[in-house]
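Consider the two complexes below, in which chain A is the common component and chain B and chain C are the respective partners.
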Partner chain A sequence: MARYSAQVVIIGGGATGVGILRDLSLRGISSVLVEQGDLAHGTSSRFHGLLHSGARYAVKDPVSATECIEENKILKHIAPGCVDTTGGWFVQLPGDEVDYAEAWLKGCETAGIPVQEVPLREALQREPLLAKEAARVFEVPDAAVDGFKLVWENAKSARRYGGRYLTYHRVEAILREGEGVAGVRGENLLTGESFTVEAGIVVNATGAWADRLAASAGASLEVVRDKGILLAFNHRLFHRVINRLRPPGDGDIFVPHETITILGTTSEWVDTPLDNQPTGREVERMMALGKALLPAIAGKRVIRAFAGVRPLHRSDSELAGGSDGGMGREVSRTFALIDHEAEDGVKGFLSIVGGKFTTYRLMAEKVSDWVAAKLANDVPCRTATEPLQPELPAHLSRQAKVLLPCAAAGKMLQRLGQDAVPVLEAIARDPGKGELLCECEMVTVAEVEKIVADEDAHHLADVRRKTRLGMGTCQGAFCTYRALPLMWREGGKYDPLSEELVRFLNQRWKGIRPVLWGDQLRETELTRAIYAGLLALRESGTNGDGGTLCGMD
Partner chain B sequence: MKGTWERMHTQIQSGEQDGPLTERTPEAVGDDSLQVETRGLTVEDSVHLDACVKCSICTAHCPVAQAYAPFPGPKSIGPDAERLRLEGVELDPGCLAYCTNCKTCEVVCPSGVRITDMILRARRRQGSTGTESAEGWLRIRDHILGRAEYLGRLGTVWPGLTNAVLAWKVTRRLLAKTIGISADAPLPEYKRRFFPKKGSAGNKVVYFPGCFVNYNDEATGLMVIKVLEHNGFEVVVPGFHCCGVPLTANGRFREAEGNARRNLALMEPYLEQGIPVLTSCTSCGLALKEDYPKVQVPVAKRIGVQTYDLFEYLWLLHERGELKEDFQPVGLSLAYHAPCHLKAQGIGTPSLRIFRLIPGVKVEELDAGCCGLSGSFGFKAEKYELSLQIGRHLFQRVRQGMREGNFRAVITECGGCQVQIRHGSGAQSLHPVWILAQAYGLAGKTE
Partner chain C sequence: MWDGLVIGGGLAGLTAGIRALERGKKILIVSEGVGSLAFAGGVLDFGRVRELRRLEKHPYAYVGEAAQRAFSYFLQHNPAYTGTWGRQGSVLTPLGTLRETEILPRRLDASPLFKANRIVVAVPEGLKDFFPEIVKANLQKQFPSGSVRLKRLSVQEFADWRAAGKSIPGTVYAEFWGTERGKTALKRYIGEIAGEIAGKTAGEADSEAIVFPGLPAIGCPELEEVLGETSLPVVGMTSFPPSAIGLALYDSLTRKVKALGGELLNGVGVDRVEVESTWARRAIIRSKGKETALRAEAFVLATGGFLGRGLIATPAEVKETVFGLPLYVPPVRGGSSFLGEQPYARTGVEVDDRLRPRDPATGEVLLENVFVAGRILAHWDPWLEHCGGGVSLSSGLLAGELL
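Now for the complex of A and B:
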């Protein structure tokens, strides 16, 4: 049995959890983060990738709006490699309430969100696919943020300050000691071994799982699980975030995210965090809704659909003006920090729920302030000013461009940071390793080789989150089998490989199934020919290893 | 041939500043945001980008990718990179400059993706004028090679002298050292400038001779006219400018469009009367058919449908029963090489169809891929060896056929292919019009 001890144990490896880990580590508080899967595998990567300017909340939720614009500025400063400063537009269409625009402009002004009206002619020239009948267009500092990258940068930064994280470790129980908590106990899912982390403070940052975890420690917490589905289009349809200028609703926001465009989202309460399978009906509805801003939507290729489950705190979800009541509650209406000592008499146990990706750092700061106060640590928070990633030396950029004239060298550097050094060395030694393994997202053999060997990568999906392998147009058709020999060389780490292959393909397939029409259907037929035909993967085990391709055969 | 990755790289040498790694943000691309917006796709481009299913057939058939491993091929620098370009990530212009614009990728693509268009658009957007070739002198080289027309005008003032000077080893070494024009490349000789006399009246056709006929091969141009006149046509040859293909290939996009506009203006009165425009050069023909219709002038919509390759037109006459078929037997065994830009026109091989009407002509279709020259690509010092490498299958086929006595000359429409085939295999190479001329009894014996 593995034993760890620290002052604080954080449960949940999403943006909030790693944000807390980093903040505490910067304050010199020893912390361990425990995550049941890979970092950022849940809600923190299952969103539209929007770094809010706050403008979306300017009318209905001024507190959120103010928080968002503050955090928007901070993240652009501390994590420039994770943020694409695309800017965003709010577009009023004929039929949209005209008065709303005035209220919105006022709200933006109050919150301190800079707004500039864009002349219509210029707007249509800049975004040729935008609805021609747009009535007014306003520009705000919305941006796109990469959830995978940001979460990992936080984790890496935390590690530099002594923070530790355990992925694929599932917490089974919160250890109690008298009126307080004493740590957590659980299972290492990779080895089957059990583990404990001894800590006087337990932070519950498990998002959509938060109420269940709280209940296991005898604390009460109400979380609403709000499913939102998103569509990923094959390429950038717009250069900037496009919002509809009206009260926020379903399917009214397009975000250019890395190479793709994401259309979001919906809102439906579900029973379990695992309910993240988009359905054909939901996809149809999104396509119909998206048509208002993007009239040519029907001809645009959707490469996958996915869904995230937002954890909303019950008091968030009540009607506007609803009271928050209890002691220790309500950092703001947007997210809630619950001190279970005040609420339930469980000492040293804290839950953080609600909020949004854009404000993860603020949430982490509030949690860390609370923890620091408990531990009588008076080191101030530094996460708003200290960059996540140390700046890379300029010669590295030069070297990367020389070695990879035909690939996206800059993107690789942003993903890898310091890890780019051995990757570039490998390519310099053997130019063949500069060849692209994932062609759609231009990921080199050397990069995949490096990440496959990384101690934090345990499945091909982990490699995907770190490199973007398999996330492009072909959705893993070509890169999946190409990655296998590199995984095989890791001496059993990924065994059995055939299961890895099938698991990965099935994860891709899960998102493709609801969007099977047009070009993506053609693509899928090609994929099926490769795996079900050439590689003889069958529905039930005829490849000898029990490989299953759900519905692909 | 050195297969280094470095050789594709140009930006650093051309003095790019070190900067933060923000290539993907629009701000990093430039302050002028409208300039950034040119990344925007039209609705049609977007459809092409979505149609690519990544099957890689284009790359498997790409003559450059086959011969040069560091070049990742049309799929990669075309539709794959296009998604990244929309994000603001540009590949090194030196890498894009390895595309010879042969259009093989578009011919083989099962999804109808306009791959070369994407690549050319990317080159154009990068304002590749200054960056495709690393050093200043090479930029001068590209500037010169793009201007087949001006070179031709100069060269044909006193062709004997020009050819003599260009034949000196010392000149070629100097050209290679200073501006990177390979000392071994087969620069075509200049001939007397093509200057057709006014012929007899009849149904009019417009002939677009192209730079090769104008400056390097007036005899072929004159013979095209004779053949058309033999068929009762009045051949009009306005003072056309270069079609623009060499300019495009050397990154001079704006000038290429200027030429297209000027040529369209010269064609306008004829196009409006429904008079066809004929080409004997397959690259000029492809430009007229595919690039000119995109020029924003009203007459542009006619040029695409009214342009014919010479033999395409003759075959049309044959089908209508209007072709003179008073052929004398021609006892010749020939090989035929289909130029890439003929294939890209999607009209098959009309000259071969016409040959089958001529008694005694025996033709072997070589079907051995691209010759490798691609206009001026093979003249460039760093690409000369690669261009021979690309053409090696073709040269082997030609040499073998000659050795075995299967044929004595290679017929091909493209002047560049003719030059390269002569250079790579030693075989005589000429335009198909010469065979037809012989069948009509218009020429002396062709050897």
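Now for the complex of A and C:
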């Protein structure tokens, strides 16, 4: 039985949880974060990767709009390596309500979101795939953000200040002591061993699971689980974020990331956080909706479909809306901090729900302020000013470009930041380590080795989240095989080999299954030829429908 | 005017062409790609033919006894291969696990490993997509009573590749082993191992075996001579794509077409075929910007499935690309587990027992002089049923006899 003790235990390793861990660590408050899977495996990586400018909320939700623009500026400053400052456009199409544009412009002005109209001719030159019939186009400071990376940089920064995190640790109970909490107890899912964290304050940052956790401690909390589906295309179809200028609806945002583009999203209330499997019908609908902004969509290759479950907070006053599908946008996207002492008489227990990825830092700040007040700690918050990573020395980029092709060098530096140093050293010692293991995302052998060696990598999927291995066009057909020996060499992190392979293939399959047409179907046939034919892999020790394998991802 | 025009130059198309040429027909093979033999590792899976034949509409149900004929026919014409009808042999996968198959290059036959109490795995330096430690661990797991060890093999010829940090593709290694220098290096290496073993066990050489990845297991008789001289069994391995053995099989089939006087047009796709009532008349090909019409008495459609682009899927429908034939399309495409049942795989053209395309709705024969072969046939899954080679060979052979 492993025992840990700290002043605070945070449950949930999404953006909010790691944000709190970092904030508290910077204030010198000892904290342990507990996460049942890998960091960022849930909603924090299952979204379109849009760093909102706030413009999307300018009309209906001015509070969110103001929060977003402020956080947008802060994140560009503290996490430049995680943000691609693409800019974003709002595009009005014929038939879109003309008056909305005026209300929207006013809302943006009130919130302090800079807007500039783009002449139509220029717009179509800069985005040739955009619908030719666009009526008006406005530029705002939207950006693309890498959810995996931002979460990990928060965690690493927190660790530099003494914060600790335990991944693949599931909380089974919140320990009580009199009227208050005394920590948590649970199971290390990798070893089966039980563990406890003793702490006088428990923060519930479990997102879509938050109500269940609160209930287990006798506290009440109402969370609406709002599923949104997303499609990933294998090209950068647009250079910037493209929004539709109308009241927020389904399938009206395109966000470019690296070599792909993500189209999102939908809003549908679901019963369980595990309901993150898009259906064929949902995909069809997204394709139809996306066509308005991108008329050539039918000919574009979709490499996968995935879904995230937003945890929206529903307070009593908002219950009237009912729970029919599509109501997710009627519930506020702002966040709520619930002190369960005031609500339910459970001392030292706090839940943070709602909000959005863009405002994770602000949510963390509010929680940390509350915690600090409880602990009579008066160190001010520094997360709005102190960058997550120290700035990269210029010679690193030069060195990388000597050792690797330019594009691969740039991508690696962006992914790894400071951690690129040992990777470059390894390649300098043995040029063979500079070979590209993943040709789609240009990931070298040395980089995968570095990530695999990381104590936080337990499964191929963990390596994928940190390197983008298997996330490109081939969706793992070749690089999955090539990553195997690297995982294997690091002291047998999984056994037997084939089970891990089957698990990884099934995780990837979840996202490919709803988009079986065109080249993705060809790729599927090839991947089955390799893994079922050539390597003779079989489903083994699974229930045959892959269900239990994928629960965590 | 051709006697037969074969559309598609993979295993099924080439087999159809060769068989028809042997029967004295004048044959043209038009192929957009090069088939998928490079992915198959050079072995031919037949699967459980007797059971599969009982499945309604499975290609084996239509080709009937042609399956067994195709089996013997292939072995007769490809002496580097071995197999026994109705029985399975074993080969090593690229990860060193055992895989069952029906027709395999003799050099890949893993049966000596079952008798060996000592296995040496050759580790050619820098060989791409070959993971010696994993292979060793898997062999150890499957042959727990024997010992497994790795032995490095350094090849001077590839020193500059290594210095530049590049690994060496299996196809490049395979080519090297066929050269004089390669053969010499191989002889020396095997001699070394034999020497080490002789030193230790004197007289028990038959309980030893060498596992050797990346050998050109077919199409290189001089190398076989070298390997035949050694008293130690040398067991080759299938390899991750592209497979040198699969490519060698492809080459030998295309050479055969030419040797028999057939014509092979590569890199050319058939745009469409003109049809009069139920007879196909002229195939229109597009090459260098202009259209050419090719007349033939009969046609073979062996353009492959989704991978070969014989079939193309959009979100709404699936199309057959040459004739626009109506297809069997399952109501749902994807199954829940990746390696399990996948309905999409059974998409394809339904046929009668002369391999002529039928309308799936009415069962009516649509074209009298078109024979369909290979992956484009409906109602089978090569990866689940492990019968990709068998269905392609037998439907190809039958089509070649019907031309």
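To be clear about the criterion, the second predicted complex is superposed on the first by the 519 of 553 C-alpha atoms of A that agree within 3 Å, B and C clash if a C-alpha of one lies under 4 Å from a C-alpha of the other, contacts with A are read in each partner's own complex, and residues count from 1 in each chain.
As a working rule, a residue touches a chain if its C-beta (ideal position, glycine included) is under 8 Å from a C-beta of that chain, and two chains touch if they have at least 3 such contacts.
Computed from a predicted structure; not experimentally measured.
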On the A-aligned overlay, A:Tyr481 touches which partner chain: chain B = first, chain C = second, or both, or neither?
second
Quick one: classify A:Gln418 as touching chain B (first), chain C (second), both or neither.
neither
Check whether A:Lys300 is in contact with chain B, with chain C, with both or with neither, and answer first, second, both or neither.
first
Name the contact category of A:Asn234: first (chain B only), second (chain C only), both, or neither.
first
Chain B versus chain C as contact partner of A:Asn377, first or second or both or neither:
neither
Per the contact definition in the header, classify A:Pro431: touching chain B only (first), chain C only (second), both, or neither.
both
Based on the superposed arrangement, let me know which partner A:Ser216 touches: chain B (first), chain C (second), both, or neither?
neither
For A:Pro128 in the superposed arrangement: first (chain B), second (chain C), both or neither?
first
So, A:Arg538: does it touch chain B (first), chain C (second), both, or neither?
second
Under the contact rule defined above, give the chain A residues that sit at the interface with chain B and also at the interface with chain C.
431, 434-435, 518, 522, 526
Can you name the residues of chain A that touch chain C in the complex?
280, 283-284, 287, 298, 427, 430-435, 481-482, 484-485, 488-489, 496-498, 502, 505-506, 508-509, 512-514, 516-518, 521-522, 524-539, 542, 544-547
The chain B residues in contact with chain A across the complex are 3-6, 8-12, 18-27, 33-34, 36-37, 39-43, 46-47, 49-56, 70-72, 75-77, 80-84, 86-87, 89, 91-92, 94-95, 111
Touching chain B in the complex: which residues of chain A?
80-81, 84-87, 125-129, 234-237, 239, 256, 258-260, 296, 299-301, 391-392, 394-395, 397-398, 401-408, 410-411, 413-414, 431, 434-436, 439-440, 442, 472-474, 477-478, 518-519, 522-523, 526
Taking the touch rule as given, give the residues of chain C at its contact with chain A in the complex, in rising order.
36, 39-41, 45, 93-95, 97-100, 126, 129, 131, 133-134, 137-138, 141, 162-167, 238, 240-241, 305-307, 309, 312-315, 332-340, 342, 344-345, 382-384, 386, 388
